[in-house]
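Paired with chain B in one complex and with chain C in the other, chain A is shared by the two complexes that follow.
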Partner chain A sequence: MPLPANSRRLWPGALVAFAIAGLIAALLALIWSARGLGTAGPHPPDIAHLLRMTALQAGLTTGLSLVAGIVLAWALNRLRFAGRRTLVALLSASLVTPGIVVAIGVLAVWGRAGWINAGLAPFGLSTGPVFGLGGILYAHLLLDATYAAAVLLPRLDTLPATRLRLGRSLGLAPLRRFALIDWPALRPALPGLAAVIFLLAFTSFPIVLILGGGPANQTLEVAIYAAVRRDFDLGAAVALALVQLAACALLVLPTALFAPAAIATSAGRTAFWPEPRPFAALAIVLLALALFAFGLPLAAVLSALPAIAGLFGQPAFWQATVTSLAVATPSAFVTLVFAYLVASARTAAGSRLLKGLIAAPASAYLAVPGVTLALGFFLLARDLSIPVSTAAPLVLVLANTLLALPFALSILTPGLAALDRRHARTIAGLRLSVARRLWAIEAPALAREIGLVLAMGFCFSLGDLSVIALFGTEDFQTLPWLMNRAMGAYRSNDAAALAALLLLLSVAAFLALPPLAERAARARA
Partner chain B sequence: MFRPLVLAALLAFAVAPVAASAADKPTLTVYTYDAFAADWGPGPGLKQGFEKTCACTLDFVAADSSIGALRRVQLEGRTTRADIVLGLDTALAGTAEATGLFAPHGIDTTALKVPNGWSSPDFVPFDYGYFAFVYDKTKLADPPHSFKDLAGADGLTIVIEDPRSATPGLGLVLWIEAAYGDKAPSVWSGLAPHVVTVTPDWSSAYDLFLKGEADMVLSYTTSPAYHLVEEQNDRYAAAAFDEGHYLQVEIAGILQSSPHKDLAGKFLAYLVSPEAQALIPHTNWMYPVADGPVPDGFAGLVAPDPVLLLPDAEVAAHSGDWIAEALDALAGK
Partner chain C sequence: MLVLDQLRFAYRGDPDPFGFSLQSAPGEITAIAGPSGAGKSTLLDLVAGFLQPQSGTVTLDGQDLTPLPPEARPVAILFQAGNLFEHLTAGNNLALALPRKTPDRLASIARALAEVGLTGFAARRADALSGGQQQRVALARTLLLDRPILLLDEPFTALDAETAAAMRALVRTTIVTRRWHALLVSHQEADLTIADRRYVMKNRRLFPAPAA
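Let's look at the complex of A and B:
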């Protein structure tokens, strides 16, 4: 039952959404108007070929990620073990792991000289090369299937206990149970999830570049990168960015319009109904496989951490650490504010069309190539005569907040919508103000989600490479910037240690922030 | 509970970089690539040396690549703080000249030791090197000695850089073009099956090679010297190719928009002086353009014969086509 449109909740979020749409348009227009600065490249890229290859790769990534995500969520839902909570938090953390870090991890494990092949060598065996479409899909799965599992698992974990009791008393067999109880809870989340994963894969950059094996597997994003960075053909860059935006919009808009907010919330204890023994064993095996496939590359990255001690003597390291944390922390809060405003506006919106219009700009941002955005921001700062060093922290916070927003929304919206349904009458009866409502009802009930959104915002800024590539200077260095520079100067051990540190900080944010927010909410209650 | 966090966030934001206070001395700003300005690169030594006599502040601003530094100047237009762009190479000289952003340097470069006598009124050459495939002697006993050898070597793997984003990648395109001309596309087709991956920049390619992902990597003849001198490791060598090796000369130019052209000229003169050139070999791992000591590790390096170099104008006019040919061959089209 939808609430009567509440304009005080609708407008702030709608404004944020339209401001984002305006910002994207303005940034593209700025680049277009600056194309005179550049050159006209002699070779228009083969757009049809790029679109075909990109769509194939993104389609495969999406399908496989959903299947693997469902399997992983199913297995985790059916099992209880020590460390389960930590593992669930890690699932969300893998999404924000910088692509370059994942690529490093995948190679360390599956590369020609990686752990697996080192183990197989004594037996005269070896795996095939990791480069190519297979390598891209594997690295994408590592990020996206775990993200899918992180989104889907709460839906299974929060199934009403009454439903489970009923199913149990009917003696549903495992497959029937999945079809009748689990699937209806998962299905509503799938279109939105599929859209996000498709966008991520469609615009994937470092993974495709490093693991793709060459031009045969390249994406539009790479062509845009080349147009901007080498040919400096700004006209072509904007044209390609528009093609990418249009292709993605075709997918995003329908899902933003029609993907309904679902029932899942974290409120209430989770009910547990174990599977019969063979299926429990299957769940254990599947979980172990997933842990092995997804965990090993990350473990390989982390294994380089001890070398971080070698950086302690460098002032640049400490400066970059402080800067990174100083930028990531406000990002976390700005992400939360934006996500809350847009999510409540979406919840308060009366019609599906309006809901879609409010949510679409936030997702559209995912489809705009990072290199183009950074360039647009650069031109904006120039036109406003803001020195690069002043603009850098602001742009880094803003750009990464917007990148984190679609994920933050997918975390926050379902919970807000469910609260709305449950407490609509109370709120209307008490005439609660927007602020009271947030303070008294939403913040305590959604503490865990709020913690996750904070972690999301924190990590996107922490791992940023596309903004810093243009805005980084001697006076403004972040940890990823330092990592890139170390790689560029025969310091691959330093780079590996920095990659490990970045991963560790991301994981720590995801492990620490949700319980911290929950404790804060409980302490107040 | 949230309030202290918000406060902490605001505080953290406040300590983020504060602009350095302005001094009376003029500041000379040099845009360059990251490794040049890094703590371990030539930047700090050059700064120390030049500031002793110039009564100025020398400020290196690092972009992610030399082409990134040029693009940045183009983007910033007349508002740029840069006086000098340092680190472009011969393959980009034509493109850079065509922007009209650079002013003649007025420095006599005839005495500099640059192979093939490369010179330009706008750019001062400050070091050079040759592109080469580097390999690990303990793993590859019999390296190829030509592109033909490479194409025919069963199971040999190489990793190269993308010619659209990395100067060595572009260098390979020019190398094959200079050696084979019209037959370049067929050479590329011969290479394609051996290419494990094409990376966006030199460092990821080199890193993959060091991790053992390929038998050879497109790098410089001087790369083995780094391992020899810094790591006392003599495992790495560059394969000498019968076709010769393509020359990369790194260059620096003064911007037309600079208010400190005289000072900028003095810095370029210092850059090619024996004192500054002595820093280059063991910080930038390239050959100096002035006589002077080089690390012992440079003695046994490959001496290219012949040295290949295409005219700047030809490169500027055709590199787009050549890159497209190379990419098509790599994509199997």
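Let's look at the complex of A and C:
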């Protein structure tokens, strides 16, 4: 039976949640009040086309990602091999892989001068242009199908051993096994997963910016960016942002009905039921295809790493590196603090309504995507006459914390709630303070989750292009912004080297921080 | 004849292996008793194929079953709980025991349900049944599988005394008339009364116990 709400845990998180709600409301009010600016740019936006294109690519991305994610999760579940744990961890890392890195990887493999076309050229063949809807979908699949697989695989890997024994004792054929045992485990996760993927694709920015290939494939996010940075047309940007907000709000309402789709935080020992030989062979083939399609662009990105030495002589590179790390590190800690406070308050809240009220502002990114959020901050800085370069560091930390928060909550909340269910009475009996409870009980028990949240906050900020796209200047540059500028100036070697560095830093943080946090907790225990 | 010939098995990191040897004639029920953790379920898992012995064999009428995976063994199992797919009806759970093109599937299912006293329950979802009803549906399916080795792991625990007695009688009759082999693990003295032979697990070994 749940204990009465613990107000000492409730209030700090509730305050954070309501502060976030206040901030977002203020930004939205600013955008709304700026709607009178009117459209004055050379390219008035075709809002109907933008909405259609945005919804089309998001819908296709969602459908394809779910199918590919299920196939990938199935194949991985049916195979055991050396390196499987690492591969599964890399799947989870897809959530924090910067979109701009993936776009560069796709170009490096499938672009006109990419690996595939270089291989085909001697035979007079080519793959055709990668720019357009196909390129966008492929790049989205690299991120979202792997994310889907990372969410779905644990559902298969943690099927109760008794269920598998039952299936084996009945001699279920592979298709029947999937229908009776796997599908019921996967199905509950699909609506929430589909909603998150649709929203991620609906608000996708760097991939569409780089691989869109022109106005025909533009989406709302890219159009907002173009209105501000290319056309200097704040009125059009505001009009587009309002459309984007309305569309996202409509999408968020049904999304809020579904549970958040959490990725795996650990891979313990799991029961295993091998498939008959033809199906095991099919799993191997599918996994090999996925490795080829998904791994090749990332391998292409990493292969450019040696070229990073060529950037060492550029002061802008060092400035961007220091800025990126200086923004990503506090983002990680602010994300953790906010996520912990909100998750604790949500766990301590007595009623479902209060739980919902506390969690809703933290999921605001769903309704207010990155570029739109940045536009609000941009207008705020302008109204307060704060130079963009002065506001930029704070905005970057805050905006990226908000972007990472829903994912951080989906990682921390289940663990905190489970601890509460198991030990609430014991903790109440010991009369532990909130700080002691965190230090002595929650931090050691949730060390891996805490490491994952830190990694997520760090990586979201490190790879951000949505916010920096509006706030980047000569004086304030981050690695993704530098990369975007290098691409714009056709310095593709520099862009590729920067992409490699970003990928390496993101994956390293994502793979290293959770076990490091776990080790630190064990050493303290 | 079902023969477990000097089966040895140790869990990883456990230096002291379990040892099992027994024989069961067709139409016989062999009961295995012993305290929790003694290795009774390990024995059933070895016969079912969920565990592979370090040495020894399981043979049925001279055929070595030891190298076969669980799905290829002529074994039907009734676990203590969790035997049914909750999202399927009782009838569809039973249908899993029948090949797809079985003639008179519905009649077979209805007959099997009638045997366990659940006439008319075919359309009920498994999760809408009580624990005892679920266990009876599971027993019906286990018998419907028509496999010569029946493994029963605390099969009647969820049933009231009267229903348990009826189900014991059904199992006894089926084993004798079909000349199958049954290995029955149970803590309940009443269950052991249907056994032809009794063994007891002690110090990780199986010893014959005097019939009651």
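Some observations on this one:
The rule is simple: the second predicted complex is superposed on the first by the 324 of 525 C-alpha atoms of A that agree within 3 Å, B and C clash if a C-alpha of one lies under 4 Å from a C-alpha of the other, contacts with A are read in each partner's own complex, and residues count from 1 in each chain.
In this section, a residue touches a chain if its C-beta (ideal position, glycine included) is under 8 Å from a C-beta of that chain, and two chains touch if they have at least 3 such contacts.
Nothing here was measured: the structure is a model prediction, and the numbers come from that model.
Of the two partner chains, chain C is the only one touched by A:184; chain B is not. When the shared chain is aligned, chain B comes close enough to touch A:129, but chain C does not.
Once the two complexes are laid over each other on the shared chain, residue contacts for A:210 go to chain B alone; chain C is not touched. Judged by the touch definition given at the top, the superposed model places A:163 against chain C, while chain B stays out of reach. By the touch criterion stated above, A:171 is placed in contact with chain C alone, chain B being left untouched. In the superposition on chain A, A:469 makes contact with chain B only, while chain C stays out of contact range. By the touch criterion defined above, A:322 reaches chain B but does not reach chain C.
Look at A:278: by the touch rule set out above, it reaches neither chain B nor chain C.
Touch counts on chain A: comparing chain C and chain B, the chain ahead is B. Residues 160, 162-163, 165-166, 168-172, 176, 180-181, 184, 274 of chain A touch chain C in their complex. For chain A in complex with chain B, the touching residues are 34, 37-39, 41-43, 107-108, 111-113, 129, 131, 206, 209-216, 225-226, 228-232, 314, 316, 322-323, 325-327, 329-330, 332-333, 375, 378-379, 382, 385, 387, 389-390, 393, 469-470, 472-476, 484-485, 487-492, 495, 519-520, 523-524.
Taken together, the chain B residues at the contact with chain A in this complex read 1-2, 5-6, 8-10, 12-13, 15-17, 19-20, 33-35, 37-41, 59-62, 64-65, 67-68, 71-72, 74-77, 79, 95, 98, 157, 162, 164-165, 195-204, 206-208, 210-214, 226, 230, 320-321, 323-324, 327-328, 330-332. By the touch criterion given at the top, residues 48-50, 69-72, 75-77, 79, 82-83, 85, 87-88, 96-97, 145 of chain C touch chain A in their complex.
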